[in-house]
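Structures incoming, each one as structure tokens.
Look at the two complexes coming up: subunit A is in both, with subunit B in one and subunit C in the other.
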Partner chain A sequence: MIGNLKSQTNIQTQVNTKKKRKSLSSEGKWGLLMISPYLIHFIVFIAFTLLASLYFSFSSYDMLNPPEWVGLENYNKLIQDPVFWKSLKNTAYFTILFVPTQTILALILAVALNQSLKGLKFFRIAHFIPVISSWTVVLYVADAIFNPRFGLANDLLLKFGLEPQKWLNDEHLVIPVLVLVAVWKGVGYMMVIFLAGLQNVPEDLYEAAEIEGAGVIQKFRYVTVPLISGTTFLVLVLSTITTFQAFEQIYVMTGNSGDITAAGGPNNASMVLMLYLFQQGFAFLKMGYASAIAWILFIILFVITLIQVKLQKKWVHYEK
Partner chain B sequence: MSVKRLSKLMAVLLGVFMLILSGCSQKTNQEGGSDSGSSSKTTEITLGFYSSGSADKKMNEIIAQFEKEHPNIKIKTQNAPYQQFFQKLDTQIAGGNAPDVWLSDGVFVQKYAERGAAKDLTELINKDLNKDDYYGLDFNKGPEGKYWAVPQGIQIAALFYNKDMFDKAGVDYPDESWTWEDLKKAGAKLTIDTSGKTADESGFNASSVNQYGLTFFNITEGWMTVLKSYGGGVLGDDLKKSIVDSPENKEAVNYIVDGMERGIFTDPSDLQAFQSPMSPFPSQTAAMRIGIYARVLAANETGVNYDVTVLPKGPDGKRFSPVIANSWIISNKTSDEKAKAAWEWIKYWVSEDDVQKQWAELGEAVPVKKSVANSDLFLNSGDKPKNKQAFLDSFDFAGTLDVNAVWSEWVKVMGDNLNRAFLNETTVDKALENADKEVQDVLDEFYNK
Partner chain C sequence: MNKNPNKKRKIISYIIISISSILMLTPFVTAALNSLKTYKQYTAIPVEWIPNPFRWKNYLDVWQMTDFAQYGWNSMVVTILSVLGAILSCSMVAYAFARLDFPYKNSLFFMVLGTLMIPPVVMIIPQFMIFKHMGFLDTLIPLWLLEWLAQPFGIFLMRQAFLQIPKEYEEAAKLDGCSPFQTYWRIFLPMCKPQLATLTIFTFMTKWNEILAPVIYLSSEDKFTLPIGVLSMSGAWFGKEQYLVAAALMSLIPILIVFLFTEKFFVKGASSSGLK
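Entry: the complex of A and B
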């Protein structure tokens, strides 16, 4: 009898699961209802716009007239466009300089400010202030240093008997200068993330290491680094994404008086993908072309993040 | 509450949401449809303009006055600072809810016209405006001879000079006899390095200049003016062909590069040192500038002792003054009734003496109506510069900046190439050869698809 019942319920559940595929269970409905505000937001403002931009990337669209399907034309043009390749190269260069510099510096600062120092809070705040300042404010600070006429940097060079430089107007220096300023502005934020990671490292591990006779460097290398590797991974992914999307800084620092068509100079030496996209789309009304750039940018970021995720298995340890 | 009732509620909510969405998108169409019926009821039009500070206030006053005199037209305004205004405008046109009439920078008129966003005003202008009464109508005419906009205020360039600097250096003030070479010669005496030497003395250091002879920036107040007075230019008459690689342009660019090498003219990297590329003249770091009319505002604000004269002649006696007619455009998508109301506004703006006078008092632009521009109110307002007549005289040899639908794009390509020559990163010949090709590419992409 009991066995019979069991087989009956078995059949029942089988039927149920079959039904489930057709219509949602009551729990599923509840679930959908609960997430509906976000779902609607997602469909209207994310999925729809994503699909629209995908469609635009295959069409000729000047915003003022309806888009016209042109197939792969935009992507073909993109491949032959030297400025696109240059901005891709510049973006990569910017990232390669920026990500390691900022990450290492943020880690050093975090370790330093994780000690029991006098005035610790002051130093932490001091490093965080650039993070909350707007790029326009940062621009003025940077200008005080890198202004070719009145800046401190050239004063220093002259004092040591060196040639003054054009900084932001020098094709070879413009990206390093931009990176330097970006690190100055961004390092505080990453430092805070590292600080949180550092504070999660259990004290007893350090004690154990000390008993084993480990010095400061060994403790850092064999305790701190592996235990904050999860944080380091997060910092790396975040900084890579932000540099690929760098726009405001370059727009403000290389343009004149907010003129978008003037940004990215000299001679496109600081033209990065986001800036090029914006210029093509909003200043020159080539929205289809701009959408194609956006999708290429998306694919690149997606691949890089995938690689980072794959690689993390090799070096990132999460505490179980 | 049961799941069934809940999901019903959800469906209703979704329905309401959809209704709101569709309501948003249909609103403009419905308005257009119902408006075209009767003419006695009030018409509401949207007017877009870019402005800041005092201009903003004045514009609203004039609008209020217009509404009082035209009780059946109501104006809803939409304004923002320059950059934001145009970004928003393009998105609005894309979304099908552009203002019915808007103020466009003169260099963008063709961008809207050739893409079908601007209404053809040829008939209305022929019917209602006496063209001889106004400056600048022809500057908005496309190569096909149609009028796309009506000027709101005119920007035309003249040579600004700092009297104190000329007096100190003992150099005669510029006048209409000057050629560009004369300007450079005088400029050399007015260019002073950090050790106090002028550019025509030996031992002058061109890389640490304290005071420049001429500040030189970008297209309008820079290269286009020189190129055209040397007989060159960028686009041919149909505005679809590049004429960049010409002997006249070479001569002109060589003239500019020489001036920059000698430190007399500001080069693009010199300008980086200033808060804005516009600031050398008002901050008294340059003795002369090529300046459009609006530049008097900054110069008056900082109290420079200056005056203006017509721009110098080229080697063959040719003169050129760049002009930008910032203009009213009527949206091509608006209903007939709204277009009529918008046209009333434009007519009011250009033909009413009172409006023209009020706007002239702001001192932002040369008035569109000739009778007002030639009156004491504009010419002898008491504000500097004294010789405002020079701006009006310049209309005799004024021309546009070869404005077409892809103006911003070719200006960038041209400017990038010229800047490389200005900074000695390439030769003048190569810069022009390359610019010629790249400008043509931009033109072909739009005109010969």
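Entry: the complex of A and C
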């Protein structure tokens, strides 16, 4: 009797698995097949590379010989490496100057553009041309302004009787100038993200504020700012992450015809973490050391993002 | 009474945007003028702003005397292959995530979102090793191959698009005997043209302007793409810098044309990347 029951349940489960297999053989199988490009991507180019780079960061690896385990040596060396600390400081300085400046300017421009204005399309295009330019284009376009000998900036300074500057060749000015150019290139993009956020702010809130007697600035402060704080938060997190990993601009604008070892000057004043990582890895073939820099950068970004997420509760307004 | 503050707001806005637009465009105009000068005039002090005469020949010289055409061809190959790969792979993967039921679907999608957060910097070195072992160094392959394996941002964008389509289309296709792949290819994909346009333009912009990957993977000059090709000219063209300005501006023209015709999708793409 019991045996009979058992065999019956056996049959039942067999039928069940058959059914399951049948459903997998159609839709489920198609599903897995169709996401297979991403699965390959994930396994080979993400999961494997993450593990490999973690392993490299504990190894000595010059690409010619197989990696050799050295424990914490790379990290110990990093802590004592003055250029690493300088590049960390420069990266932080760049980010602290760049992110708030770009965010505030982008928000002001988006608010100004968020209405029916004549020539709206022209204004939008004007702000987007730097966005679609490569850093190589920006190098020569910015040179028209900041060339120490015949740039527009020095020409203006001279006209006003002021001292001409060396701009990118000046240790103290190189990062501010790079930031200025980065804001010029990126602000149009951020502006468009803010414009999308502003489109979700209901018009009747402004009308209500007007009835209460709010002026332009008050409306901006008490209606616009809180209601797009979600977008602002996103913009801040994203731009901090990308700025910390900035490479292309500094490589192009401080280097010399693509020579990676020449970039970061003068006197390492514009050396940032990513550039240092590249020099160590791809110019000096210290792949283990470079991987350690990459992981330190990863951890720093993780902590910064975590802090930003924690702080958002204090200032980001969520609609209930 | 209500109109007054609005008018004031408009005037202030016009002033802000006009100043900002001038600041955006002045460097381009100045660079364009520089590109039309002789070297003597380019370096003249005090600065002579207007070229005299306008040397349009500078552009022709760049085209004839440098490998500009070769760089442009390489950039074109990388960009077109990347765009094709991104459109096909992202939409296919996204369709499965949006419309099909398969084991571990939710955790796999969570994984896609998770990988968006990993900074690329930690993966650069091992990826370089992989391509080295495959023998792909100094070829254009590493510059476009990953686009054929579905990037997370594209998956996310296309999935949102597929989710908005009503269920009836699927059921009708099933009744007609379409396989899930056929349903995706024949019915759903053509319905997502705006999002495909956004993805196309975004991939185009990223790949056309990319510098980091070409710097790592390319070493022979005949493989260079435009951004690093133009950059590499500066050594050989010392004392003729006005040509470099012309070359750089020429490399902007193709993407500028694409942009002017598809401005609407650029803006859409930028605003949806806020979700990234």
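We take it that the second predicted complex is superposed on the first by the 280 of 320 C-alpha atoms of A that agree within 3 Å, B and C clash if a C-alpha of one lies under 4 Å from a C-alpha of the other, contacts with A are read in each partner's own complex, and residues count from 1 in each chain.
As a working rule, a residue touches a chain if its C-beta (ideal position, glycine included) is under 8 Å from a C-beta of that chain, and two chains touch if they have at least 3 such contacts.
Keep in mind that this is a model prediction, so the values were computed, not measured.
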Subunit A as common anchor, with subunit B and subunit C clashing or fitting: clash
Contacts of A:P148 with subunit B and subunit C, given as first, second, both or neither: first
Touched partner set for A:W30, first subunit B, second subunit C, both or neither: both
Broader residue contact with subunit A after superposition on the shared chain, subunit B or subunit C: C
First, second, both or neither for A:F282, with subunit B first and subunit C second: both
First, second, both or neither for A:N200, with subunit B first and subunit C second: neither
Partner chain in contact with A:I40 - subunit B first, subunit C second, else both or neither: both
Common interface positions of subunit A, toward subunit B and toward subunit C: 29-30, 33, 40, 44, 63, 149-150, 256-258, 260, 282
List of subunit C residues in touch with subunit A within their complex: 2, 5, 8-10, 12-14, 16-17, 20-21, 23-28, 30-31, 33-34, 42-47, 89, 92-93, 95-97, 100-103, 105, 108, 111-112, 115, 117-130, 132, 146, 148-151, 155, 179-181, 184, 205, 208-209, 211-212, 215-216, 226-228, 230-235, 244-245, 248-249, 251-252, 255-256, 259-260, 263, 266-267, 270-276
Subunit C-facing residues of subunit A, complex: 24, 27-35, 37-38, 40-42, 44-46, 48-50, 52-53, 56, 63, 108-109, 111-113, 115, 117, 121-137, 139-145, 149-150, 152, 155, 158, 184, 188-189, 192-193, 195-197, 210, 215-216, 231, 234-235, 238, 241, 244-245, 247-248, 251-252, 256-258, 260, 274, 277-278, 281-282, 287, 290-291, 294-295, 297-298, 301, 305
In the complex with subunit B, residue positions of subunit A that touch it: 26, 29-30, 33, 36, 40, 44, 62-65, 147-150, 164, 166, 168-171, 256-258, 260-262, 265-268, 282-285
In the complex, subunit B residues that touch subunit A: 3, 6-7, 10, 13-14, 17, 21, 83, 87, 90-91, 93-94, 111-112, 115-117, 207, 218, 268-274, 276-278, 406, 408-409, 411-412, 415-416, 419-420, 423, 425
